[in-house]
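Okay, so subunit A shows up in both of these, paired with subunit B first and subunit C after.
What follows is the complex of A and B.
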């Protein structure tokens, strides 16, 4: 592999990992507090669609992003309401939401765009990082990404600091490990858990917008193609740690990037097999390579006093 | 008895810190508290005494704002007090240590203490300094940066206490704090209560152990069936009256074991016949259990129990008792070692085969393993022998109910009838039913009972031990696992002490050796 191709591989791994990373970190925080959002997939799809429509209608991708975020708020609130207030099964309710969103966005997409699908949509700007972006070969391939990716990295660092050094971080951790302790200390478990689901929604919204108006500047039906589930898998693979989740996302991103790289290198692997690769890795990661004892103690269990 | 330096300085005429006036609390049709009136004064340790189900915990939860009373009024520092929830109670200076700990196991002591206090960035160093100061003031030494998972039960309770004290409460409520502690840990907890009271705060201590009341209480209020029966200003003098008030009976009629549970040192254990024969019934030879992580939970456990003998297994919970009982019941296959009933090797056999061989099992978690809550009493009481009531594959319910009624009478299981759902029975009656099922096994020769009196009130404890003794006098070998040392001392012939999966020592069940056994439970070899 030439240096050029390698740089492109790294760059596209990061680009493909970005939506997983954004959604995965949000989901990790939510799971640390005890709420499993299978609906991450649906939230991403919702935002991918709404931000694409928003950017297309207003002509401003930034407004599109904002509309994408706003569109996820009711979905996240619905998930939070089902899993905390009604204490519904979190896996069933999440998958229900995913099916609902897939149907709704497909219908709306056909109504709005009709036969004119694959309309060119204004996208978010790419930014070349100072200094790093000027490195020959590597610079343009790796350090010239959509600004949302950099914003995402800043958000992840902030999340890590909040979890480690603030009382909010303690409350989030305790809400997943021993919610009774949170309750008895005078905080509200419900409040914390609503908050983390909304955060997971916000991060999923950024991830969805990244897919449509950040990466390919268009919307296709069901375009998340399981990215939300991959984000959940990366949380498990990363053992509910920021660093681990980030690495897992990069790994899945790299596996996806191989789809485009191997044919370019002339290596004759069936394409279907390559498309399968990240999902296969996720299956292995979730299924057996990782012990379950790292999971937050009350993950997926609604709190009852 | 209390030391002179800590002598109480309660001004009897002092205005109460908190007073309850005819407080009533109902849960559906059940009245948990009925017109309870109570005064709590600054500087006193006020014990709340009562059997299980007397309403002690409900009372604490009403004071702490977990439940809102349905009737009556509370006055705190001279103003009406209606806490909207625990947060409100805490803000007003009322703190509570609950019966069950609620600590986050994978967080440090400091982080657990900081949870829910303050906003923004944590100041762990400052908190550690505060902990050190509290530790000195009240005798509560703790490593602030230790993980909760690495602490002993006594240390964890210290964390719970410190979590309350750091908020500088005026009223400090402890709900049955000594249930899980070793003897010396209990003594130091009671000393902490004295110090807190000496600093001018009011301490409420819920207990059903009379020894603790003699040790620490300034005043005692007895609850029974949700009502206040009596309040005593001189508990040591009135101790007999308090006992009678609590159980509505005469002390002399109490079973020795039940009396020991209460901490009545002056009641002699009921005299027991020495073991009738030296025939080994249960032989356990070097049982070892390693869990999936490779940690040794039970280490080379060897013991024989003779026919007609009761051997008690003492120890703080989590020291291998559950694993031992699970192996004997056939629920877990041991890593190595064997066990025999007479000549028959039962190692690794299924629970069904073990039951058929004549081993009765009363499991420690009655709800998870011992019974099926959704089924009827009759079905549960014959759960292991339902085959006897089937013809051509169909269950003969008439015969089942008839036989179950007989057993219910014999074992005094109180329920609406044999068809009542098992979940509708009280804990004591459920346990009596499980015991009835296991003790009436046709060819019973050995009974393994784990924590058979957990959560039961005094009357049920006495009944359970009555049946166990009765079985023993019929020549059945009994292995009794319990964390209640007092009960073991009065029921068993011999006691083996488990510590971290090993037998620390064996001795005759003699009250005079209690301190020695307590030390072994804490891991000190004799």
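What follows is the complex of A and C.
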């Protein structure tokens, strides 16, 4: 493999890992507090659609991103309401939301773009990082990404710091591990858990917008194709830690990037096998490498005072 | 992670009349249908036209009726599997992948298993069995992961679904696997048509009303699964493991074996559903042939709240919804995605109402 190809591989691995990473970190925080959002998939799809329509209608990708984020708020509130207030089964309600969003976005897409095929959608700008971007060969391939990715990395670092060093981080952790203790300390478990679902929604919204207006500048029906579930798998793989989740996402991103790289190298691996690879790796990851006791103690269980 | 927290409804003594467990699903369906009608109006299609197209596509002709019934069988089989595994508090959401591997196995045996000349219906029985075994193995993977590493079966069956669907894509894309011999670049990525002997016999022998052997088979399995759940030791074991695995283990029940058998059985039913689709209706394996059927079956299982008649009712509903939805798209320009919206609303409403139903039934 030449250096050029290797640099392109690294660059596209990061690009393909970006949506998983954004959604995965949000989901990790939520799971730490005890709420499992199977609806990450639906939230991503909602935002991918809304931000694409927003960018197309206003001509401004930034407004599109904003519309994408706003569109996920009701979805996240619905998930939070179902899993915290109605104490519904989190898996079932999440899958229900995914079905609803898939139907709604497909329906709306047909209505809006039906006649017009492949409308031109303005996308978010790419930014070349100073210094790093000037490295020959590697610079343009690796350090020239959509700005949303850099913003996401900043958000992830802030999240890591908040989780580790603040009382809010402690409260989030405790809401998942010892909700009764949180309750006794005078803080509302429900309040914390609503908050983390909204955060998961925000991050999933960024991830969805990255897919549509960040990466390929168009929307296709059901375009998330299980990325949300991969994000959830990466949280499990990463043992509910920021570093682990990030590595897992990069691994899945690299596995996806192989799809485009191996044919370029003339290595004849069936395309379907390569598309399947991230899911296969996720299965192996959740199946073989994670112990039982790692998950937050009350993950998936609604809290009842 | 614990899965479903609604207890199997069969634990409660059977009561008759309009129970909330019956009323609320009906209300959910009515609510979702109302939203669907409103959406049709928003799209700008005359509601009367849409309804006419819907009725036409469901019971308007013997052919439409048969197509709806055949679909309902597929959903019901996946739904039975869901209910069976759910009795042990296992949530199998892998129907999609199980249908896919079932279809692959059935096609492979029907085309390349030299079955065409076999007597006694073995020509279609063997491919069906292959599908059942493939589905059972696919479900079994999730079971083994659950038992050995404690992997939540929801995430593993979901990932297995994606893998199964891409496996299907691989099989129909590669001439070395099931793709028909390429004579030109225009050769479609699909398998050859299976031999006539491997096709499931039609009940009436009339192509105008193509209900196949799958319908009686599904009804027999409804009774079998119902009896297993309600009347056998295995049914008791399932329920014991579902309600309290630790107590079940202390009582001498092998939780490991129960989990493996339950998830494999659910997978086997999914594989059988794939066989019915392929051997009964489609006859050639195509990419995406299972599109959404596994999820519809899952939703039928969820809606039923653990009862086999409930699965049948929900499957019929979805069979008609799908058929009607397809016809609405073809003749009234209403996208089939509308049906997906309706289903999503039903699932969400029922998930949200589960607590109320439970409280009500305990009074």
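FYI, the second predicted complex is superposed on the first by the 304 of 305 C-alpha atoms of A that agree within 3 Å, B and C clash if a C-alpha of one lies under 4 Å from a C-alpha of the other, contacts with A are read in each partner's own complex, and residues count from 1 in each chain.
Simple rule for what comes next: a contact is a pair of C-beta atoms (placed from the backbone, for glycine too) under 8 Å apart; a residue touches a chain by one contact, two chains touch by 3 or more.
This one's a predicted model, so the numbers in the text were calculated from it and none came from an experiment.
Look at A:101: by the touch rule set out above, it reaches subunit C but stays clear of subunit B.
After overlaying the two complexes on the shared chain, residue contacts for A:229 are found with subunit C alone; subunit B is out of touch. Of the two partner chains placed by superposition, only subunit C is touched by A:110; subunit B is not.
Of the two partners subunit B and subunit C, more residues of subunit A are touched by C. Subunit A makes touch with subunit B in their complex at residues 165-171, 173-174, 177-178, 180-187, 297, 305. Listed in rising order, the residues of subunit C touching subunit A in the complex are 1-6, 39, 43, 91, 93, 145, 149-152, 154-156, 158-160, 162-163, 166-167, 169-170, 173-174, 295, 298-299, 302, 335, 337-348, 350-355. Per the touch definition, subunit A reaches subunit C in the complex via residues 36, 38, 78, 81-82, 86-89, 91-93, 95-104, 106-107, 110-111, 221, 226, 229, 232-233, 236, 270-273, 275-276, 279-280, 282-283, 286-288, 290-292, 295, 299-302.
Remark: subunit B residues 66, 85-87, 90-91, 96, 98, 100, 102-107, 111-112, 114-122, 163 touch subunit A in the complex.
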